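Two complexes come next, and they have one chain in common, chain A, joined by chain B in the first and chain C in the second.
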Partner chain A sequence: MTVYYTLFTFLYQTGDAFAFLVLSACGLAIIFGMMGVINLAHGEFIMCGAYVCAASARAGLPLPLAVLAGALAAGAAGMLIERIVIRPLYDRPLDTIVATWGVSMIVTQSTLILLGSTMPGTGTPFGSFAVGPYSYSIYRVVLMGAALATLGLLWLGFTRTRFGVLARATIQVPHIAQALGVNTGLVYSLTFGLGAALAGLAGGLYAPTMTLVPTMGSAFVVEAFVTVVVGGADIFLGTAPAALVLGIIKAALTSWQGQLAGQIGLLVAVIIVIRILPRGISGWILRERA
Partner chain B sequence: MRSEVLLNTVGLWSGYGGKPVLQGVDINVREGEIVAVIGRNGVGKSTLMKSLIGLLARDKGSVIFRGEEIDTVPAYKRARLGIGYVPQGRDVFPRLSVMENLLVGESINGQRASRDQIESIFSYFPILKERRNQPAGTMSGGQQQQLAIARVLMGKPALILLDEPSEGIQPNIVQDIARIMVELNKSTGVTIVFVEQNIDMIRAMAQRCYVIDKGRITNEIMPETLEDRDAVRRYLAV
Partner chain C sequence: MKTLNGAMTALGLILLCSSVTHAQEPIKLGVLEDQSGDFAAATIGKVHGIQLAAEEINAAGGIAGRPLELVIYDTQSDNTRYQEFMRRVLQRDKVDAVFAGFSSASREAYRPIVNQFDGFAFYNNQYEGGVCDANMVVTGAVPEQQFSTLLPYMMETYGKKVYTIAADYNFGQISAEWVRNIVKEGGGEMVGEEFIPLGVSQFSQTIQNIQAAKPDFIVTLLVGTAQASYYEQAAAANVNLPMGSSVNVGQGYEHKRFKPPSLANMYATVNWIEEVDTPQSKAFVEKWHKKFPDEPYINQEAENSYLAVHLYKQMVERASGSTKKDDLRKVIAEGDVCYDAPEGKVCLDPKSQHMSHTIYLAKVSDDHSISFPKVWNDIKPYWLGDAGCDLTKNDPSAQYTPSNPPPAAN
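So, the complex of A and B:
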């Protein structure tokens, strides 16, 4: 029986790591993949989602609605920042790195000044369940479901809706989309807003599981970047498989040698992938297919 | 019967990075006409098309559509006035399916194309129906050209701008495309302005031709003029 318990623990940890990687990376992946913008303020959109979620939950909003409020707040902040900071820099991709890094520092420090060094959180709901001698958090399983649901909804959104088709057209040949009547400025604005809202969603979903501090975004950002670099620019062909592979690596190394080994394993994996697949998993798949 | 002027330019100057390519172009296109702009390589034919749709800002002069100056109107709003632009080299969206490429064209008039409208477009271009789920980037040049034309038809434009539709396409497909454009013009009254060097296509489609050289309109001729080899050499030879 112990073999099964160990196997279940491994699956649970892989699923947990997968969910964390998918949810933290998909907003970053959409903004990078669709717009070519490397958004260093990604962590701050996550923090925004977490703070708004925790504040709404403590004000009495049910948790699912509080998570949604966090996502919407981050999305609105994203559209505002796209309009004032990113838009003038579309033909200067390297400068967007510096600009979003600046946004990140301003937001972190302002939050520290205005709201203090921590913010009261909200407890983790649902309690736990036991398999054999070990007990597991039910909420973590909910997070795995949320990660899969997010991927599924994004896929439907980008392939089955009018906005999805126009967004993909805009990404592929922007000036022609424009010449065919597509308001590409609006498409970019909504895409950036969607990426920020997904970051906010990650923040809101993980808010009940962690301490809320102004720099909490950095806990997500490293893993988000690792996932996007390994996956490449395409969220479905890249981010999802990358999150799965990295989730397995992380879970295996963590259960074998502890948390630190898991983190080191991720970084080693990214270095190896950059050496052999410089355009990530999706770049490799698209090239094989072409 | 004299119809209204649909599109005209007045002393249009335009170019890239301060280097003028168009140096005072005047053209007049009436509703329902098929007009060719012909000339050698590098005399400003594509520049003219890009300036008409608004992908390139003018330096001086004006583009006038239905009597209104549209010089400050961005490209996507010009398209929505009813201008369908078919770029040089097709520029289909390579990783969208044929059907998805067509759906983007609906943005020109902002309305869902009806089933009948789509079927009528497929009746002109049956290959597109056959391949409607295939990524556009995997099709041949001629098929992509048909897709680029079908894509603007989805938005029921009043004016179609065709930039060198024959470029890199087999002669029999060139003939097909020319015939279809003439049919469309007859059945829907759509106005067509195209730039071209291919004599067969010019003669099969155009009702009259502007000759462009060094950024200016130097002549206006009838397509029959091009039956004469000397004329061809004068207007088109390199």
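So, the complex of A and C:
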């Protein structure tokens, strides 16, 4: 019996780590993978989603709608920032790092000044369930479902819709796409907005479980970058398998030796992957295919 | 004779005038606290406390007739900022004293600089104890005040199996050592201990580790806003164990920030929080809200910072207006530098330059209201003195721990 309890615990913990990694990374992966922009303001889009979600949930909106509101707000903010800051810098990818870093600092400090040092939370819904001697939060199972649903919807979006085709065309050969009548400016704008909205979605989904402070995005950013670096540029062939592998490493090491070991494990995994697979897991899979 | 008298009068006048201009020169107080970054929620109130005290003092004529001027820098929850700004206030701004620091990592980052320039710094924060340094005055509570009260109470009430989760830096590590020792002395058993890197916000696996160890209660020594996510996640997973802490409630006011009942059954030993129900405490809260109406919470470090300014005023005035470290330490050595603070009477111990406190056991109930099942009056910071630190005799400028006590006096 104990074996089953332990097995379930391990599955739950892996799933939990997987959900956190996928949700925190997919916005970053889309913006980096499709546009080549390294978005250091990723954490602030997450914070934006979390704040909007918590504020609208406390104003009476049901939680799923509040999460969506958070994602939409972050997406809108993302499109605005793409238009103002990122667009002039598409030919200078290194400069976008500095620019988005600046955006990140401005947003964090403005939030601190305008909204104060913390924001009251909403509390985690749905209660808990018990398996053997352990009890688990139901909401975290919902998060695992949300991570899988997000990946599924993104896959459908990029392969089955017109926007997906246009986006992939624009990213691959922008001038031909433009010559064929695609409004590439709009596609860039929408893609960046989508990445920001996914970050906002992560923030909204995790808002009920976390302390809401202006710097909360930084809790996601390291894991997000680790996942994207290990995964490489492709979200489906990279981010998802990377999140799974890292989730297993993190859950195993944390249950064995505590949080510090889990963190060390993640960072060591990055170092090893960069050394032997410089283009990440997706680069490796695609090369095998070619 | 007459001319001589005139000359004497003139000389007297000149001296008087120069001493008057001297008296007008402000006393400068450097304030280095985190007004942004991970610790901001707990530390903005400390700056406000210092501003409130300075305003009161200046309205009442200043310190020994000189106005008090604050030189405030935002250290951004960043240890290297502490080092930069500590050099700046001591070298360029030439302040008379510095009030600095929240995390123990930041204190240990700036302390060598205070020693190097022979400055005089106040650390107005509870911490893991053990700093034996003549350049430092500590007004916050230390483990022998917080744990030797809290842990026996918890073990008596809930049982003897203890699990510690602590932030993984000097504060958490040394505090956990104190917990280990006091639990062992009380016949208890440590069933687990985990150190969490600062900035970690996901605790699923930690929660499972705790449930596997089946403790009677948990000691939470979590620091920073990211780690505070633990409570919400533990409540969602229905961990439902009593908690004891030396930092929560009193610093991070988690009971105000989180939705009830995630902090239910948390016991924290604090030397003051805004819920303390004595007349002088209520008057203090009222005074505070008049100046800072939007303050989300007045925590114990805010009170420590406030009373430290008044303590400093007393020391300077008793040293006949001198702000020199050696003169002020002579006053401290008299052993009766005391102040009627909002928490009750506090006194500085000359051996360690730490402060005695009233310790309140704050219990968080299901609706997150606070009650005080127990109050200990006049708990002294005895450990350093008993262990052999005596700043009136020598100044090792070191930090000691129970496993690394001061070398035997010879």
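Simple rule for what comes next: the second predicted complex is superposed on the first by the 290 of 290 C-alpha atoms of A that agree within 3 Å, B and C clash if a C-alpha of one lies under 4 Å from a C-alpha of the other, contacts with A are read in each partner's own complex, and residues count from 1 in each chain.
Everything that follows uses one rule, which is that a contact is a pair of C-beta atoms (placed from the backbone, for glycine too) under 8 Å apart; a residue touches a chain by one contact, two chains touch by 3 or more.
From a predicted model like this one, the values you see are computed outputs, not experimental measurements.
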Just to be sure I read the superposition right, which of the two partners does A:162 touch: chain B = first, chain C = second, or both, or neither? first
Looking at chain A, does chain B or chain C touch a larger number of its residues? C
Taking the superposition on A as described, I'd like to know which of chain B and chain C A:137 touches: first, second, both or neither. second
Touching A:120, do we find chain B (first), chain C (second), both, or neither? second
Now for A:181: first (chain B), second (chain C), both, or neither, which partner does it touch? first
Can you tell me which positions in chain C touch chain A when the two form their complex? 36-38, 40-41, 44, 168, 194-197, 199-202, 204-206, 208-209, 211-212, 214, 225-226, 228-229, 232-233, 235-239, 256-260, 262, 294, 296
Residue positions on chain A within touch of chain C in the complex are 9, 12-13, 16-17, 20, 108-109, 112, 116-118, 120-124, 127-128, 130, 133-137, 139-140, 208-211, 213-216, 218-219, 222, 251, 254-255, 258-260, 262-263
Would you tell me which residues of chain B are touching chain A in their complex? 53-55, 74-76, 79-80, 84-85, 87, 91, 93-96, 100-101, 103-105, 107-110, 137, 151-152, 155
Spell out the residues on chain A that touch chain B in their complex, using ranges where they run on. 162, 165-166, 168-169, 172-173, 175-184, 290
